[in-house]
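Below: one structure, written as structure tokens.
Residue numbering begins at 1 within each chain, and the chains themselves are lettered A, B, C, D and E in the order written.
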Amino acid sequence: MEQKIRIFFPYFLILPTLIYEVFISAYPIAYAIGMAFSGNPPALVQLFQDFERFKEVIFYTILIIVTVIPLQLIIAIFASIFFLNRFRGRELVLYFFILPVAISEVAGALFWYTMFSSSGLLNKLLIWLGVMHNPVYFFGYEFRDRTLLVIVLEEVWRATAIVFTIIYAGIQMINREYFEAADVFGFNFWQKLRYITVPLLKPSIQTALIIRTLFAFQIVGPILILGGEYIRVMATEVVYWYSQRMDPYIASAWAVLVGVVTFVLSILYIRMFRAGEGA
Amino acid sequence: MRKVLVYLIAFLISLWILTPIIYTVLASFADILDYYQHLIPQKYTLKYYEEYWRLGVGDALVRSIEIGVLTVLLSFLIGIPAGYAIGRLKFRGRNSIQLTILFFRVLPIVVMAVPLAVVFLKIGLYDTIFGVTLAHTAIALPFVVLITSSIFAGVPRDLEEAGTVFGLSSLQIFTKITLPLVAPGLAAAGMFAFLISWNEVVASTILTYLNRTLPAAVLAPYVMGMGAAGQLPDPYRFAAATIMIIPAFLFMAYIRKYLTAMWGSAGVR
Amino acid sequence: MGFCRGEIDMVSVELQNIVKKYRNVTAVDNVSFKVDHGEFFVLLGPSGCGKTTTLRIIAGLETPDSGRVLFDGRDVTNVPAKNRNIGMVFQSYAVWPHMKVYDNIALPLQIKKLSREEIEKRVKAAAQMVNIAHLLDRYPFQLSGGEKQRVAVARALAFEPNILLMDEPLSNLDALLRVQARAELVKLQKELKITTIYVTHDQTEAMVLADRVAVMNKGRIMQIGTPDEIYNRPVNRFVAHFIGTPPINFFAGTVEEGYINAGFLVIPFKNIPPGLVGKKVTIGIRPNDISISPIEQSIPVKGKLVVAENLGSEFILHVAIGDVVLRVLSKNKPAKEEVTLYVDKTKLHIFSEEETRINILPA
Amino acid sequence: RPPASQPVPEKRPFTKIIFASTQLSQPQEQSFTIGLLSALLNEKNIQAVFVPLGYSDMVSKLKAEVSSGSVSVSLIGGLSTEIDYFASQGWLEDLSRYGTLPGRTFTSSVMNVVEQQKKQYGIQTFVPWMTATFVIVVNNKTFDYLPAGLTKEDVIKGTDKWTWDALVAWAKNIYEKTGEKRVGLPAGSGGLLHRLIHGYLYVSYTGYQARKFNSPEAVAMWNKLKELWNYCHPESTTWSAMADPLLKGDVWIAWDHTARIISAIKTKPDDFTVVPVPRGPAGRGYILVLAGLAIPKGAPNPEAAWEVIEFLTRPENQARIAENVGFFPVVKEATPTIVDPGVKKVAEGVSTQMSVADGIPVAIPSLGAKAGDFVAMYRTAFERIVLKGEDASTVLSQLDPQLQAIFRDLNIQAP
Amino acid sequence: MGFCRGEIDMVSVELQNIVKKYRNVTAVDNVSFKVDHGEFFVLLGPSGCGKTTTLRIIAGLETPDSGRVLFDGRDVTNVPAKNRNIGMVFQSYAVWPHMKVYDNIALPLQIKKLSREEIEKRVKAAAQMVNIAHLLDRYPFQLSGGEKQRVAVARALAFEPNILLMDEPLSNLDALLRVQARAELVKLQKELKITTIYVTHDQTEAMVLADRVAVMNKGRIMQIGTPDEIYNRPVNRFVAHFIGTPPINFFAGTVEEGYINAGFLVIPFKNIPPGLVGKKVTIGIRPNDISISPIEQSIPVKGKLVVAENLGSEFILHVAIGDVVLRVLSKNKPAKEEVTLYVDKTKLHIFSEEETRINILPA
């Protein structure tokens, strides 16, 4: 009897989550998938019809994701290490650093708009300093490269914090003596990072990566606000088809595509970062 | 030397984070023409806030906080047991279950919110705080499970075993030993759940129209209305961004202390 | 002491054919023993022999692959740890890092729903016993290794369990403190009649504390007996070798009619069984059963002093006699290289080729 | 729970209805509207809760509400074209049964639209609410840079010399004299650039909005636009409303919806002049935007909704709307009561535009769910031809079939 | 052994007035000592006296609040740990949990950029030394406590640092293994002339291993000297008490002209300084410096046997003489209750009221 309970205990703990998700999420997901496959040709196929646009969307999506996520991860890891230092005012700086966790996508984008718009801080400052006379433009079709830079900055500024909190929470669970042992045996900073810190952080890194990737594929606000109409990613296509073109089928098709890509990536991460047997 | 470097980095971090916030907040109180002309605005006004206040932003704010906190509570209530099981217990199908839970969150919210709205209308949850909470919890839950499970996995096993030996029930071990040890992780997960709810615009917009959350009230035009409503003029942007961060500041201040464990390093051996 | 408890419920512990494997490692291999009510039972054995695993099985932290655990005759093999009313000192301490020392000791008592005063009394008393009364207000990370270990001990003692399991609880303490802690421990144990199973690698500790000792090796029990028995009548070569510091001297010999011949030493024996004659045996003699001054019932042997290790109060003399080097424990170091050793022939241990003890008496 | 700032009556019983609108959703517009509606509470005990919604939001809301049978919205405000779509889905009440609204005369141009929908759906779908159009606003200092052969007079009066070519020449002249690109177009994602293309440029060059989408005249038009784009402010692709760039001085000549530039002119009435749009080979095309009020089928308290309609179409309220948010009256009695100098200026500009001899007023076609597709054709063409520099005739010939298919599918003639 | 290294760079370690405080706890209090090239230096002291903290300061893991650390005369106080070429065995092992045993030992060598063969050779050799060669393929969680500790030791040994810091490295090992590991350790240390600082609470270990011993108490150094000096000439009461098991016997006495009077015992002394006369002193005598059979230079005292503790090879006799109970180490237990003790008067330790040693010789 006890034995049986013990075997079923884990499933029992997971059940509420599963039930909840099935009740709230399963139906909409099925609905969306259904729409993605209906139409003639199916909406998913229609995506490829404007192949130029499709290519562009994929290009920007990948570009943003492959720059933003590794950057965030790296910054988060270094910041976590940095915040293991004890210094006066550490708590406050830490608080600043995690603040953006609670700043919405859209608000974050607005902040960076304020920084880089033609009457934003940067331009006004440079003009005030006499470095230039006319503003440098960061937004607009012609300046898509610069806009991308601002989007990357904004994303790093805003969403590194959540990666950081996850990794920082993880690093705090690690016995500090493991690092000290590395110090004693002459590891330099990078060796310590590579052989001790990162492997021990694997579970946290995995979690952070999955979460970030999931979200990165769904960023809409900053892209719309900063990039306007001409930087298109998969998530903005969903919104575009949904609200501009009022075509829920193609919107769903894009959504399903986003889903598939993130899901596959998540599985990859889980494979890649499977915590070593010992950890 | 090292100390100097540490303080330098600390300073740069603060600068990096605070500059956009401070400048935007400043701008939100500035007279717009003055703002365009001066690096540091000279004339200030509360006009834009008054306007937002008239639009019911105060209520939306309260609602947003309510929904955010409820979401944290509900998703913790439901999700932490699962996080614990996945992170701590060994059982068959663990990986696939983890993936299944994740699977519920891979589709963009827009396409999920519309069918949900129809259902909510039928069962009377449409345009209610509880309805939005339900949706937000569904969104946050997989992450809560994910984050807490990775944190639970890091708790030294012998600390729990010591609990068992001294007669603590499973629940007592969980609440008195494991939970405090994973405080940083829970803080991270809590922040995350709150953040999801706080920032979520699409579902809130679709599932409500009178009882809007703050982002839905302030920001909906950006996300859902691309063409139709156009974009806000600059001063409203500044004010909107400022309104959005104030509760965030408070929430983070509260939860931050859990992120830094108070008892030094948790690891024992 | 101030310790007391309502009902005295001593418990006996019995292990029946316990086997525990980790993949291809057999950590515990068919172990059976019974520990009586209020007995102080010590598990002794080399590192990695399965002591901790055995304790963990008794505690219910590990399920044996086969075999049963009985408390007072009741099968508890599948009873979870929390229902076993056990106190345990973990080898790794397992002191809860998020609680102050006081709370570490008090928490199990709170769970037991003791009154606040009772808890305070017990915590204070236990802390006193292991000298950590001044540390109650610290977090574990503010403690030294030995201090942490003492917190773990105090936690188990204050709990006053039916069964106390201690896994090398004093390994990080200095000699003085150990003596003190040991004394307190025995006092408490006898007072409350707590059935105690104690793992140690310190033989003095085993000898001083134990009612009975079990010597383990490679997952198996080699011998169970009183400290005296273990020391004076080891059942096999392993036990003889393992018990006693400095370790016993071994040398080869051959059984002949009426005596055993070890080359440099010929020892007459009374009751040699006829089957044994002609067999090779191993002869053991402890360093402190050899003297450099004449003693009773001894056989003198001449040798050459090779090294003299100073232990502070004593010396270990390494004396060569032909190929064989004997360790001899002596209060003083001989002046000359040439020494005469007096081997106490009543203290010889004879082991067969199968390494088990042969019980014969010197003539 | 209503937003705290929408006034709540103290004791008297009152009727609360929900007024959902795709218009007036900007914060300052919203707060003005809420303020305006509060008068109704005192007067008739009707509290109209003003809820701005995005169009697609509104569509999904109505669809969900009407199909589930529990309608909460009593009054809808939207563009006539949006209302047209609601009507096509059968979501609207026939307003003729509420009778007439005395004391106001709706202008004939807006009544035309009402009649047209009445013909199509057999019911009166809406009551006109307000109008707007798109105009050009010029910063007064720009007149210093007029190209040879163009006078300030030509521009302000909208003479024959005031052509798209002249505009380009002007822009070019500014650029050459100052080194700055000072023309601004709302080409951002929320901007209404597509209206400029289909309602102004196409009509001016081809005489039609869509019919001659792919034609030599159209190619000429696109090339002209391309030329103009060379002198357009590089941030144009980020702008959705021209008020800010005008105020900042980034832009000296801007085209936009009246409601989206009104705040600039109200702030600095002396700096700007509102002028008619230039003409093209086929005339001077311009759009008349019409917003209307409708009542959904099954709406709670339709009588109260009708009271709100009555309230909003009163001349004095129409004037206040114009003064505050830049949408103009649909009733004749309102115009004389406008006093704000800035708004007056716009009103004058608008009336000049409407009264020029070669003006071709057009309405945004009613395409229902296909409206997005319609808009997308023009924006795609803009992106490919102007921004990416693809060959105009190639692009147009690729897009034309798709555009024409929209009208074919809806079984209406391309405008 | 197969250990060898290119350049022999022995290093001396000097601590100058090191102070380390944790808030209100002074863990290390003005500690100074110098350890010579290739010396084996042992830190001994009660639990919590600051041994680990001292080691961590030498390692560079902790910055002292004041004072300097010199390696070969060079101030390294602010040199980070990683540049100190140190090997360390942590008290809590700090074995990296995500690596197999082999990698745990090999990684520091890889970092040093040794050749693959060299690494393998060293790992194998070090593993052999502490008997874990069969565990190289396991993860730490698959090891017993003692096995983990040995991995930590092997890791430090294989590293062949200039300075080896060991914090109770053998505390979880059984006696036999300790003896073996100790022997290997000394061999390696002498062969490579590694300057070694070794923390232990095991006095035998200290005595056997150390070139010199420092005894600490409450963060301060009490005495530094060879094992012999520490044992035979403790500078104060604390050292005398702390060193030696079973602990030394103390009893009070008064200095009189020409002798010291302890009531039951009057001992004539040669060179009593005049100022001392009339002062109270504490007299110490170790249990093994008292015999129950007559020895040279001794004073006989009659007493009554109270308890005889069996240590296996020996007994601790508790003998009461009036109010005083003396512990006596004896190979055998006297038959009768009445015993005559022979106190070796050359082994008496006299301490002033300030608890410091008074150097006077018995007459």
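Note that in this section contacts are C-beta pairs under 8 Å (C-beta built on N, C-alpha and C of every residue); 3 or more make two chains touch, one makes a residue touch a chain.
By chain, with names taken from UniProt: A, B = ABC transmembrane type-1 domain-containing protein; C, E = ABC transporter domain-containing protein.
None of these values were measured; they are calculated from a predicted model.
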Reference subunit C; chain at largest CA-centroid distance: D
Pair of chains joined by the greatest number of C-beta pairs in contact: A-B
Subunit A-subunit B separation of Cα centroids, rounded to whole Å: 14
Gap in Å, rounded to a whole number, between the CA centres of subunit E and subunit A: 56
Computed distance of Cα centres, subunit D from subunit A, in Å: 38
Subunit D: positions in contact with at least two other chains: 54-57, 188-189, 248, 375
Subunit B, residues touching no fewer than two other chains: 36, 114, 181, 224-227, 231, 234, 261, 265-269
Residues within subunit C bordering two or more other chains: 80, 92, 142
Residues of subunit A defined as touching subunit E within the complex: 175, 177-178, 180-188, 191-192, 195-196, 199-200, 202, 275-279
Parts of subunit A lying in touch with subunit D, wherever the complex brings them together: 118-119, 134, 137, 139-143, 224, 228-230, 242-247
Interface residues, subunit E side, partner subunit C - complex: 22, 25, 44-48, 51-53, 91-92, 142-147, 149-150, 167-168, 171-177, 179, 201-204, 207-208, 227-228, 231, 241-247, 286, 288, 309-314, 329, 331
Subunit B - residues contacting subunit A, complex: 3, 6-7, 9-10, 13-14, 16-21, 23-24, 27, 35-36, 38-39, 78-79, 81-82, 84-86, 89-91, 94-95, 97-116, 119, 134-135, 137-138, 141-143, 145-147, 149-151, 153-155, 181-182, 184-185, 187-188, 191-192, 194-195, 198-199, 201-202, 215, 219, 222-227, 231, 234, 237-238, 240-241, 244-245, 247-249, 251-253, 256, 259-261, 265-269
Residues on subunit A engaged by subunit B in the complex (per definition of touch): 7, 9-11, 13-14, 16-18, 20-21, 24-29, 31-32, 35, 79, 82, 85, 87, 89-107, 110-115, 117, 119, 121, 124-125, 128, 157, 162, 165-166, 168-170, 172-178, 203-204, 206-207, 210-211, 214, 217-218, 220-221, 224-225, 229, 235, 238-240, 242-244, 248, 251-252, 254-256, 258-260, 262-263, 266-267, 270, 275
